[in-house]
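Presented sequentially are two complexes of chain A, the first with chain B as partner and the second with chain C.
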Partner chain A sequence: MSTLFLQFLLQIIFLTIVFLHITKKNLDAIFAYGIQSLAILILLINSFFETGDISLLFIALLVCIVKVILAPGFFAQLIKKNELIFSASTYLNMPLTLVVLATLTAMAHSYRFSPITNIIPANETLLSLALSTMFLSLFLIVNRKGALSQIIGILSLENSIVAFAIFAGLEQSLGLQIGILFDISIWLIIATVFISMIYKQFGSLDVTDMKKLKE
Partner chain B sequence: MYQTELLFILISLFAAALLCFLSRNRRLIEVSSLVASGIALMESVAISLQVAHFGANVSGFFSTDALEAVIMLIIAVVGFTSTVYSIEYLRRETSKNIIGLSGVSHLRSRVREYFILLNLFMAMMFLAITVSSPIFAWIFIEATTLSTAFLISFYNKPSSIEGAWKYLIINSIGILLAFFGTLLFFPAMNSGIGNGLITWHLLATSAANLDPLVIKVAFIFIFIGYGTKVGFAPMHTWKPDAYSRAPAPIGALFSGALLPVAFAVILKFKMITDATVGSLFSQNLFIIFGLLSVAIAAAIIFVSRNYKRLLAYSSIENAGIMALGFAFGGLGIFAAMLHMVYHSFIKSALFFSSGNLLLAYHSAKIASVRGVINIIPVTAVLFLTGFFAITGAPPFGIFFTKIFILSAGIKEHPFIVATVVLLATILFIGFLKHASAMVFGQPPADIVKEKEGLWLIIPPIALMALALLLSFYIPPFLYTLLNKIALHY
Partner chain C sequence: MEIDIIVWILQIILVPVTAPLCVGIIRKIKAKLQNRRGAGIFQPYRDLWKLFHKDEVISKDASWIFRCAPYIVFTVTIVVGASIPLFASYSDVTGSGNLLVIIYTLAIGTFFLALAGIDIGGAFGGFGSSREMTMAALAEGGFIFSLLTVGIISGSTDLFAISQNGLIQQGYLLPSTLAFLGLCIVLLAETARFPFDNPATHLELTMIHEAMILEYSGKKLALMEWASANKLLIFIALASNLFFPFGLAQHADSGAVLVALAVFAVKTIIFCLVIALLESFIAKFRFFRLPDLLMIAFIFNVVAIILIH
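Moving on, here comes the complex of A and B:
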């Protein structure tokens, strides 16, 4: 696959995270996450064709089943069941959020992070973009008040790390593959159990309703 | 070498978890957990003795060096006493309706769930510390997050769910950053060894070939990631919530065992980072986060209104002190490791005492607990002694380790040492204020004096006695292990 197409996929991942910051509807957020996971899936399949490593195909299959089909489906069902059409608001207002997004993106492209974005010098721009998706995902978790958005933020952070690893030439690392496999399983369990528990106890998924532990 | 003993520990813990899953007999669940943690304790002692005499083993899926042997000992001692305490504690909670669920079968299933998760939690900690691959260490530490999240939410109350959620979100971010940092250690390795599993030993022996600039960034991610699990400030925010909502024995395991495990993983990466970029870089990180942790604990101590949260802030402070010890090097490292041992035992004893307080007063608020000496006198003595011990009052070992750590740093970092002394004094006064108010004074009218359960006071007494004994006599094998750690890390 051409570098241009890979760059396009990474831009899709980046844009989906920006969209996750902007959107107010939970279903739109789930859809954006599904698209993001699909982009990761295509990147993994591309790596399989380039390297011939069969384990990558297995990981891609797993990503397809869990991240592209199961997780979005599960979240959509949860939204439908609990009528959670709109997500909880953000801590920062929209203009400020956009300013922070721009700052974080610029930060990822700064010389401070050049040691890691230069791991493969030919991919420096792509690695900087992948790093900025990591920062934006982190900010999504911090800035969103909804438990569902926070989970999507964590899953998005994981997608960003995978994207970075692929462009850093680490996709064949057994460590990455085992790590992805394990993380997916863990978060599927957590999302399944905890979202329901929170909704049952607090009547909403807005984490600002959690005030029992304030001293 | 040592693989059989390790497998024996893991098999016994997994078998106990399986038995708890299959059995509905409470007695069988308790006995199987007790036997498993007992086996883990005996085997850990055996492994530590062997490592001290015959040296480390770095081949195979598991590796055992001096650091791992000491951490295994800590997990085993705290794990065994926590299991013993849990049995009686859960019985009391059940009888006093604290678990908060109606129906005998429901209660039985909650107790069963507790012991399944307890055994799995311990098994994951043993795996995380002994596994020879950094990626598997990461996986097993993440696995502890899952098992402990359900233990924090054990009481199924809104505050427990809230504590568990905060713990999950903050630790998941931390653990993903640690994953990213771990991956950054691999690029330089891939060309040399193909796609196999990279081990700690391989990373250490190839440290000179790693890119220093990448390793610096990687170590920052590692430090923040695993530092979240340790509870260094400012990543500590989950700690007071999780500690205050988890059952008391789980709090003991969190502070006494999980903290050293995560700390040890940072130390393993520190050793590799030091070999690549020199020790100054990691030293500065340890000093910044160590000092910040002590300062945050000192700032909050006076306004804390919950005695379990007080213990959490004490853990943050002690993690900071240990970090400073490792930063100062030399005698500081030896003292920091010894400090870790003392802290684990004393803090676990304090958590058990806090469990006794909760059973007697039905409240974790400091203001609600008065006159403990009149209601549960043995616990009162344990609690007060524990507070003196943990804040570094003589004759307990923490007094000496603090002195050694600070003296190791006074020549090169006099300002930092002076600040720590000041903060430690504030912490001591703060703790003393809360502890003395709780122990003495007039007990509330509705609280009646009750007989303290023998198995609720034996575990904390045993831990305090062990900490006191180790303050004056360090067995030769432990001394050898600590010396080896000081030389390598």
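Moving on, here comes the complex of A and C:
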């Protein structure tokens, strides 16, 4: 696949994270996460075609099952069950959130992070963009009040790290990848059960409403 | 030489001649999506004809501003329409294709429109102008930065020079995408479409553009409506020809110009379709949510400029 197409996939990941910051609806956030995971899947398939390493194909298959199908499916069911159409609000208002997004993107592209983004000099622009997706995902976790949005933020951060690793050419052993994916799938199940229980107990997924534990 | 004269004339008359058709197409698509037959796509022309043959009623409190504003607003759209790349990337008729000139010439129109709204002292005109200026102030940043992004990528502030370069081919896909999204939001705000304004209503709670021209009738209303349609086509032309410059005639050749006109028609219809779909599937936003949307347009463009670095 051409570099332009790989760049396009990374840009899709970046745009989906920006969209996750803007959207108010949980269903839209899940849809965006699904698209993001699909982009990661295509990146992994591309790596398989480039290296011919069969383990990458196996990882791609697992990513497809866990991140593209299972995770969005779990969350969609959760929303349907608890009627969580709109997500909780953010700590910062929209203009401030957007200013922070621009600042984080600028920060990731600054020379201060060049030791990280210069791992492969040819991919410096792509690595800067991947680094900014990591920053934006971290900020998504911090800025959102809704538990579901925070979970999507964590998963999005994981996708960003995978994207960074792919473009940085970091070694990803089969065992490590399977471990991470197994972790995510178990974590998904636990998070879904916990969210259901929290919603039953508190009637809300807004973390600011959960400061005092109910008896 | 003859082809140059034809291109020159086309460049000047294309926007005013075809702009009402765009409005007609959008209305027709919206009607179809609402399971209505709707009026024909040429209905805006009939409306303009009818208005040009009607008498006017002008308030006794109206000053020269109210009387002159329709001519100024209409003239501004004609000048801007002739100064942007429509179907040929070499035909700078007026020599004023600089992006800042275009932005601020359009701002003159908005300024006089808002002045005309408050000139009579009516409540509707006053709040319409107030809302319009709030929106215009916020949209302007996004508009400038959006064109600035493509200007930086192309290394020129001349819109005709920008339209000669393909932004995507230059490897600036993400900055171009962000700038395009930003310009699309500004397009909707500046042309008073959903989710910023509802062009089909005169409900006092929601109207912005319609509130300012509420006192107009007859020929002056026709000019205002025509100018509004021109502005829509100008923004469509900017969005389509700066970000998707394929099909533009690069030299004076009758075949190339004909193909360019056809491509421009296709691009315009696609934009009309998207606007009609948006207007059919999303609701108008509350006024206090609109600054957020315009802020998104502005930040998209700031991020785009950061990414160019």
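One rule holds in what follows: the second predicted complex is superposed on the first by the 201 of 215 C-alpha atoms of A that agree within 3 Å, B and C clash if a C-alpha of one lies under 4 Å from a C-alpha of the other, contacts with A are read in each partner's own complex, and residues count from 1 in each chain.
Operating definition for what follows: a residue touches a chain if its C-beta (ideal position, glycine included) is under 8 Å from a C-beta of that chain, and two chains touch if they have at least 3 such contacts.
Quick caveat, the model's predicted, so the values are computed rather than measured.
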Once chain A of both complexes is superposed, is A:Ile22 in touch with chain B (first), chain C (second), both, or neither? second
Of the partners chain B and chain C, which touch A:Ala122 in the superposed model: first, second, both, neither? neither
For A:Phe8 in the superposed arrangement: first (chain B), second (chain C), both or neither? second
Contacts for A:Ala106 in the overlay, against chain B (first) and chain C (second): which applies, first, second, both or neither? second
According to the stated criteria, A:Ile141 is in contact with first (chain B), second (chain C), both, or neither; which is it? first
Pick one for A:Phe182: touches chain B only (first), chain C only (second), both, or neither. first
Classify the contacts of A:Ile65 with the two partner chains as first (chain B alone), second (chain C alone), both, or neither. neither
Dominant contact partner of chain A by residue count, chain C or chain B: B
Please report the chain A residues shared by its interface with chain B and its interface with chain C. none
Which part of chain C faces chain A closely enough to touch in the complex? 171, 173-174, 177, 291-292, 295-296, 298-299, 302-303, 306-307, 309
Chain A - residues contacting chain B, complex: 53, 113, 115-116, 119, 134, 138, 141, 147, 150, 154, 157-158, 161, 164-165, 168-170, 172-176, 178-179, 182-183, 186-187, 189-190, 193-194, 197-198, 201-202, 207, 210, 212-213, 215
Enumerate the contact residues on chain A facing chain C in the complex. 4, 7-8, 11, 14-15, 18, 22, 93-95, 98-99, 101-102, 105-106, 109, 129
In the complex, chain B touches chain A at residues 133-136, 138-139, 142-143, 145-146, 149-150, 153, 156-159, 161-166, 168-169, 172-173, 176, 179-180, 182-184, 186-187, 190, 195-198, 211, 213-214, 216-218, 241, 244-245, 303-306, 309
